[in-house]
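Below are the structure tokens for one structure; questions will follow.
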Amino acid sequence: MAKQIRVLVWNENVHEQENATVREVYPQGIHGTIAEALKEDVDLSVSTATLQEREHGLTKDVLDHTDVLLWWAHAAHGKVENEIVERVLARVWEGMGFIALHSSHYSRPFQRLMGTSCSLTWREAGEKERLWVCNPAHRIARGIDRYFEIPNTEMYGEPFAIPTPDEIVFISWFEGGEVFRSGCTWKRGNGKIFYFGPGHEVYPIYQHPTVRLVLRNAVHWAAPDTEKWIDNCPQIDIENAPEKITTKGPRLHKKGEAGLR
Amino acid sequence: MAKQIRVLVWNENVHEQENATVREVYPQGIHGTIAEALKEDVDLSVSTATLQEREHGLTKDVLDHTDVLLWWAHAAHGKVENEIVERVLARVWEGMGFIALHSSHYSRPFQRLMGTSCSLTWREAGEKERLWVCNPAHRIARGIDRYFEIPNTEMYGEPFAIPTPDEIVFISWFEGGEVFRSGCTWKRGNGKIFYFGPGHEVYPIYQHPTVRLVLRNAVHWAAPDTEKWIDNCPQIDIENAPEKITTKGPRLHKKGEAGLR
Amino acid sequence: MAKQIRVLVWNENVHEQENATVREVYPQGIHGTIAEALKEDVDLSVSTATLQEREHGLTKDVLDHTDVLLWWAHAAHGKVENEIVERVLARVWEGMGFIALHSSHYSRPFQRLMGTSCSLTWREAGEKERLWVCNPAHRIARGIDRYFEIPNTEMYGEPFAIPTPDEIVFISWFEGGEVFRSGCTWKRGNGKIFYFGPGHEVYPIYQHPTVRLVLRNAVHWAAPDTEKWIDNCPQIDIENAPEKITTKGPRLHKKGEAGLR
Amino acid sequence: MAKQIRVLVWNENVHEQENATVREVYPQGIHGTIAEALKEDVDLSVSTATLQEREHGLTKDVLDHTDVLLWWAHAAHGKVENEIVERVLARVWEGMGFIALHSSHYSRPFQRLMGTSCSLTWREAGEKERLWVCNPAHRIARGIDRYFEIPNTEMYGEPFAIPTPDEIVFISWFEGGEVFRSGCTWKRGNGKIFYFGPGHEVYPIYQHPTVRLVLRNAVHWAAPDTEKWIDNCPQIDIENAPEKITTKGPRLHKKGEAGLR
């Protein structure tokens, strides 16, 4: 049997505690429902973690044993410790896949990976969303026809302040008249990143069969298929220069020094 | 007369104070020498600012009146206040050009715009660097032949942990045997970004006529030629939906609410 | 006064001759109406050319004096001589802007610049199209609000088989439920390329004030702001190598030879 | 056992017939030596084809059963039938990997996929080339240290007239002083494309163990991991519009019509 992909579903888990509607839609938390969707695929080994846990459940050890991290957040972006954000980024650069869901467009890890504000326009009217497949052979669109629909959704619309995606997998049409790049990929270091728009917490979106299929596909796509990128910034001693040279002029750094950060 | 481009040269100004060699090469600070190079172009209106000033010389008002910001830093990346970093990012997204010089590959603003670690390899041996023009018609390469040489340089080598550049203007060849993507461009929001490799503080690199030409060219390229991108994340009320719709299902947000960050 | 941009509007001019509806909408040909739209901008010097002219009106001399070429075609893609296609490509690589309009997604020059099939889905039902600005500060979107509408249009829908655009300026929403990347940019060599979706010949689309504004904006964006890229593939004689070397091993080519194509 | 990747090594096979030096280095043709290198990997099922065969050995049936096509050509680019070029492109867009080797930068399939001239500079002096890994975790660089060297090579130098690569895997340093983006990737439609610089026919480059490793890695990377992209340009009848609409205004096309090309 091929090795399972180790997936971690992270959720801030706030509105499930505070809002009756959300609790009703997601009695086990959004992370619980997403984890359940992923477990339908026997090739995935699925865990969950939440903001409230020690180190938000994202210890170095946990991340080191995670191939793909899914991130759902909305009300508590600012409560994620900066040290944990840095730790997540470092693992993405090594090769961990990162899937940002819905309102996580404003999460610290996603904003930091993009280098832009990640703003958009929005409307909470329970309108219909139709997601068009722009790249029919993409791994993330496998098993999906030309489009699929979500009957009740929060509208997220353009302009979406992201760097040009490497690939656009989905663009959404909204009943109220907007459009949105709702499925986009990027690479940062050795890590694959996927942003997926649907997922407002007052609607049962993660119960939608095609949304669940997209999540499973995305995990397969984002899983590292290569070695780790061990990031460092080595001083190459003059003796190790590929061509024989001798030092000319003054120096600031000592031999073997680690450099300034 | 066409409107002048307002350029601000920012320098941490640390090694000039602490290291005799650097002080000798740059008696008026690296910022002073770079400003002098830019002033050779009458279309540029040039100011300078340093880490030691109040708000590092980067008040909101100063940035609002800056078209292109050059950034030189090495020893004090961690001393730049986070609030100032955020302010610089916001102005880049609006449209301010940003030129990161040499060891600023590890500066906070550049790392934040890239979303990667920006690590590289390095060697301080005063060896020769030859910069090849990869894009002969690029604005930044104007007036430069097939290549130019810097007699004494710090080697910066691949792998350079950056997202794939939009354009590669220069690739460097080093006497010791390495190569480096030494002139790269990106866009983040409405802001143009250029990274330029040469500039180690113990060598008189910003006195080199072609390096100075590259800086002037880069300012012209990075200057905004468009309107500002005013970043916001507006709730679009249902009455303002382009298509007539009515609200379906529950809501989390109130009408007119600003949304969560 | 700044130098005018020299614009050439090329049109196959077939349906205007053969179809009464089209003739009524465009009595002076689509090229005539587009040229009229561009002439509203005094900074543009506008000419037209059609398939029926000698060398399709695209002699080497004409192209050498063109800064931006607009291309409209639908029924006669296969009638454009291959030699003329190659000539257009060579000028784009040098720096001439190229704007492909509507059904020109299947024109030879556009397909050749993209390297993909450029297929899409379509429906001719006179439905409404709403174009959303995805990049509010882009030169091509200048003066346009969050979106604009075309009351009757041919639907062009995803998947649009293009390489990932450098920038997406517009995405369209269609009354019938589809979406489309209707305003995209790329660069090939030194030439800027813009594809713009609207323009079906049975509707008065090039009479629409915002469409006309987009065309004028796009010409300004696509105009070369740099030197020409003179394309060649030179043999660098060993005496001209930047580093002193001597020939080792056998040779296939003679000194000064032009190389094989 | 996992399914083997079906690889086809295509070679124009001209200089091996006409030039004694080349024949000596590649007694079984360049395709023979490359095939041998690939066969060291039991996951690859390897065939060869040459220009001289009927339809250049690239019948529709052969291509339909090819996962990755390697292309070596130099003297006879213009002798490849246009129909075969189109057939290769169509298969790449469906998902077949394409690996262009050395002088194939000027081959019709590669030029057509790039949409640029693909020119470069060159020198045949048997000098040393050192290829630097720019992306240490890339599948194509697996098992390769920071760099590897080829003792005798033809220099290919910048500017290389290609569209910005999606990823740069290798950049070369040359003894004579030049640099070159010698390992680059792109995607066109559903097909992955890799250009690899080394391979001049008068030197035993395809006997070099690391070059052979790169070729095997590249085949694994370029092999399709997704469904085919079946390219078409369908008319969507009004009854099949996702939203209910009625036809407004005149029409040019009949229901069910295939559209114009």
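A, B, C and D label the chains in the order they appear, each numbered from 1.
Methods note: a contact is a pair of C-beta atoms (placed from the backbone, for glycine too) under 8 Å apart; a residue touches a chain by one contact, two chains touch by 3 or more.
If you're wondering where the values come from, they're calculated on a predicted model, not measured in any experiment.
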| item | value |
| --- | --- |
| If a chain touches chain B and chain C alike, it appears here | A, D |
| Chain pair with more C-beta contacts, C-D versus A-C | C-D |
| Distance from chain C to chain A - Cα centre to Cα centre, in angstrom | 36 |
| Between chain A and chain D, centroid-to-centroid distance (C-alpha), Å | 32 |
| Centre-to-centre distance between chain D and chain C (centres being mean Cα positions), rounded to whole Å | 27 |
| For chain D, residues that touch 2 or more chains besides their own | 130, 135-136, 157, 164, 166-167, 173, 177-178, 187, 189, 229, 242 |
| Residues of chain B touching chain A in the complex | 15, 19, 21-22, 74-75, 77-78, 89-90, 93, 103, 106, 112-117, 119-127, 152, 155, 157, 161, 163-164, 175-178, 186-189, 200-203, 229, 231-238, 241-243, 245-253, 259-261 |
| Contact footprint of chain C on chain A as seen in their complex | 130, 132-136, 157-160, 164-168, 171-174, 177-179, 181 |
| Residues of chain B defined as touching chain C within the complex | 94-95, 130, 135-139, 142, 147, 149, 166-167, 173, 187, 189-190, 225-230, 242 |
